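Below are two complexes that have chain A in common, paired first with chain B and then with chain C.
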Partner chain A sequence: MLSPFDLPAGILLLVTDQLSSPADFVLYRAVFDHLKAAKSDKVTKAIVLSVSPDRARWAAVAAKSNIQLDQKLTTGAFTFVDVISPKSEPDLRPAFDTVVSELGKSGGADVLVVVDDLATLEWTGTPVLDLTCFCRALAAACRKANATLLIRQHVLTPSTTEPILEDLFRTLHHMCTYHMEVLPLSSGRSGAVSGQVALHIGPGTVRAGVKLYPRSSAIHYKLADTGALFFERGTASGVL
Partner chain B sequence: MSFIREPRRAQQPFLVLQSSVAQSSLGILRQLLEDSSSHSLLFCLLHPSLLSVNASRVEAFDLLDNVPGYNDNYEEPRHLILSAVKTAPDETLDFVIDSVDTLASDIGSIPQTYEFLCELVSLVRSRPNPSRLVLHILSPSPLLPLLCQTRFSPSLTHTISHPPALLRHLATEYLTLPPPLSPEAKFWGIFLPVSERMHESERLIFGSEGEGAGDDDEMLIEVIVRGDGGDGLRRRCVDRTLQGWSLTRGLGPLPDMVSLRPLFSRTVAEPSAADPTQNVSFNLNLTASQQKSRAQVPLPYMHEGDPGKPQKNPVASAAIFYDPDSADDLDDDDPDEDLDI
Partner chain C sequence: MSFKRKTTRQTTTTPLVSTGIHSLDDILGGGIPLSCSLVLTAPDPHSEYDQLVLKYFLAQGLASNQRICVVGSDTENWTAQCMWLPPNSARQIADTVDEDTETQSDEKIKIAWRYEQMKPFQTTVGTSSSTGATADPCCTFDLTTRIPPSVIADAVKAQDLLFLSIDGSKDNLSTTSVLKRLEEVLANGKTQTPLRVCIPDLGSPSWGDLKAHNLLHFLHCLRALLRRYPHACACVSLATEWSADHVATGWYQKLGWMSDGAITLDAFSGNPALAAAFPGLHGLLRIHTLPAPTTLVPASDRFSTLRGTGTGAGSGENNLGFKCTRKRLVFETVHLDVEGGVGERRTTAPPSAVDVQPSIASKKIVAAVVEVELEGTPSPEPVAAPVKKSRKRVGFQSDRPEVYDF
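Let's turn to the complex of A and B:
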């Protein structure tokens, strides 16, 4: 899952990003690669839960990857869920029920569930305990269906050397199987390189042969119209 | 690690494994479940990776989907755990809760969670065969100081995991190497305050110079044993040690840790001043005759008294020689002569 990283299916992947290095491309790549992997004997399905939904943008980016998202919506291969219900207070239970029912309808399909993003709810006053319970329930439901869960979490860029670790990040970090960090370049902004990506194993996860990328050997990425291009630090690999 | 391979459950029926966001103890918990010679009851509330451990010796209670508000068949975890403990067979058992913080958040009250854990540890202690309660907790937690008090359990084995980067930080910033390279008293005097400041470890891992994750293969274990430590003597004291732990090698001394080898391979060499007479293209040394001639040269401005000549003032007595100038009015008469007292 998610080339060039050889991540297995059925995991809880926590993707953190910062204001200067958004991880939108990771979400798009994960979903579109997952949908493209469908074959005659293998059905794939993607469910996206979004706090600030922008379905039109998803459709536009999918079109650049030759995926007709409306068609996928019609066939049920792609489901877009608005996490915030029309009620005044955000209630996450309806979104959870929608995911559970979609997982129940998937049969033996390979399902990817993407949550984008809960930090906005945390910053607008939703108690961290509610968000934690939602994530636990979602992770348990995905584990029962052997589905992959990808949670995107914004982290604040510290102005000093002290990191800003918020409560929801601490909880998600403790639960995750793998943690992917999308970071800005430590040397500052660059026109040629958009940022860097590090991959860590989560606490308690047994090493299973997945190649990890600590920050000191994070791989660089460059955003292009068709998606992100990855290359090792210090090499151009035909990208630059 | 004696509390894994040779647990003395009768003397140490309570074990706390403390993790932090900088370094997790789940690897130790996994090894404890895999290597334990007795059976374990695992109450899994948060970490599904533990469910795949050594199924023959571990009876796992899968409470991962037992989330309040999201499970129509939600069951109060206290009742479930107490019922399982009370109906467990009488043999020696380890009762493991993989996330006490999750249990506390489900119960919704720290005092009620504390009362439940008190009841649980009493049940475990009262079993006919020595058994043990193992709790894994993520710090900071308001439960942690309560569980470490003697009121909760007189005897306690408390392990705290630290990232190896902490010792490298102490060696660099505080110039203090780990024992045996430094005296123990000096090391602990610096290590304890720094390790208790969690933001220090978090900055080392997640700060601008950190790698972004704790080491998943090696970690430091600070083991605090209160009560009978198991060395054959009945001791009532608190013993604190710092050990290394590796995923592949298990427990070991600190010098065996791969991540700490640069610290222990440093040779303690006395800094010697550079000798300027070495490595020059001309000779700066003196021969014996040259040194003798040089010693005979009288040095200028050095008052070398010839002991053979008589001294002008053989008796060195203190005296003040004062030459008055024109402004002085020196009068040898007694100024108080005209006083009629």
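Let's turn to the complex of A and C:
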């Protein structure tokens, strides 16, 4: 899952990002690679729980990768769930029920569940306890169905370069199998390199041969229209 | 090097609307895309540059015959203070040229031949460089002209200009009711003309007691509303008490996540040291996030001349600032002054070798001219120094070189 990282399926991947290096491209790449991996004998499904109302953006970016999301929506390979609604307070229960029912309907398909993002819910007033319960329930449901869960979390770096560890982040970090950090360059903005990605192992996971990228040797990426191009730090690899 | 096959992609390019300020349109990548929200913060309590930008936004909408909805308290009076097109548009071009050349007083500068072809150093984009990507061409407004009341009255009569007042009750937050009424306006209007939502002073006391999460919730729901009605866009300016970064942890970043575009206009009014360091500017512009409604990369990264991220690989981003002249508000790149504290570059011819008398261009230093005479030229000993010492002179005496005569 997620080239160039060789992550296994059935994990809980926590993706953290900052305002100067948003991780939208990671989510898009995970979902589109998952949908493209569908073969005649293997059915793949992707469920996206989104707090931001960005269905049009998903469709536009998917079109650049030659995926017709509308078609996938009708066939049921792609499900988009809006968690927040402006009329009422955000209620996580309906979203959870939708995911559970979709997981039940999937049969033997390979399912990827993406949650984008919970920090917004916390900042707009949802109690952290509710969000924690929601995450735990979702993680349990995905583990039962052997689905991969990808949770995106924004971290804040107000005055220092070190992100502040909020309670929700700590909870998610304890639960995750792998933690992917999308960071800006430590030397500031650049026109050529958009940022860097580090991959850490979760606190309770046994090392299983997945190549990790600590912050000191994080991979650099450059955003293009179709997605991100990765290259090792200090090399150009035909990208630059 | 791999060759990229040029595919005919059906790009869903979102239509853009102009903000009324050429340089701000450039920074945003052509203008504000429809269905996007832009949040402006101005932490300086002594000035209101964010409200000025909002007035430009409104005036541009009126000049382009678009629909506008102003949300706030006392909105009619606020709208009446907006700027307008200059009365005589032919004169306006000459006036802007005069303003731009205020520092180029001396035309007889000797320029080395290889640089003669170069254009003068420009810190901002000109008025003629409109890319044509916006639905409405950016008009050049004049800050010395007020909007005619007839224009406002006509727009109100045609229902193109709507005023939404704030009403909050004890059990209903003002933000919730505003969102509900805004949705009614968006649902009932014509969808062919763009609608501009203008919210000056969000979070001011007339909005009632709001907490940080109420404001963030409002901005988030506003963005969701704009996505559902993509013929509209919004420009919001936060009240001063909500504009500073210390309101909540990581406040600017939270604002950036809740909206499509977030910029801060950090004026120098309360900080005289910064004002002295950047004499030509009135403040610095900080960009937190820029709109990218259908693409991964914001359009500004590729198209903005002022930000300078598009040209060449490995180029950094320019620092940006703004200044408000008598007639307009301009955003431009920030450049440090020449070292040594001299106001202008030295362009006078080098003086002759014998009598070195460096001329200091700045008028600040009162004439304390230092006269240095080279060794070798026999200088007569000063016989009787006159009592009136008008100039300080340091003279080398050729027979007693170790003695300096002050």
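Here, the second predicted complex is superposed on the first by the 233 of 240 C-alpha atoms of A that agree within 3 Å, B and C clash if a C-alpha of one lies under 4 Å from a C-alpha of the other, contacts with A are read in each partner's own complex, and residues count from 1 in each chain.
Basically, a residue touches a chain if its C-beta (ideal position, glycine included) is under 8 Å from a C-beta of that chain, and two chains touch if they have at least 3 such contacts.
Given the structure is predicted, the values throughout are model-derived calculations rather than measurements.
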| item | value |
| --- | --- |
| Which of chain B and chain C A:214 touches, first, second, both or neither | first |
| Which superposed partner A:57 touches (first chain B, second chain C, both, neither) | second |
| Touched partner set for A:156, first chain B, second chain C, both or neither | second |
| First, second, both or neither for A:37, with chain B first and chain C second | neither |
| Which of chain B and chain C A:9 touches, first, second, both or neither | neither |
| Which superposed partner A:28 touches (first chain B, second chain C, both, neither) | second |
| Partner chain in contact with A:120 - chain B first, chain C second, else both or neither | second |
| Chain A positions touched by chain B in one structure and by chain C in the second | 158 |
| Touching residues (chain side chain A, partner chain B) in the complex | 93, 96, 129-130, 132-134, 136-137, 139-141, 143-144, 158, 161-163, 165, 170, 173-175, 177, 179, 181, 186, 198, 200-201, 203-207, 214-216 |
| Chain C residues touching chain A - in the complex, by the definition given at the top | 1-2, 9-10, 12, 35, 179, 183, 213-214, 216-217, 220-221, 223-225, 227-228, 230, 245, 249-254, 256-258, 288-289, 292-297, 301, 308-317 |
| Residues of chain A defined as touching chain C within the complex | 18-19, 24-25, 28, 52-57, 60-61, 63-64, 84, 86, 119-120, 123-125, 154, 156-158, 164, 188-192, 194, 223-225, 227-228, 238, 240 |
| Interfacial residue positions of chain B with respect to chain A in the complex | 19, 21, 24, 26-27, 29-30, 46-50, 64-65, 67-71, 102, 105, 138, 199, 202-203, 206-214, 216-217, 247 |
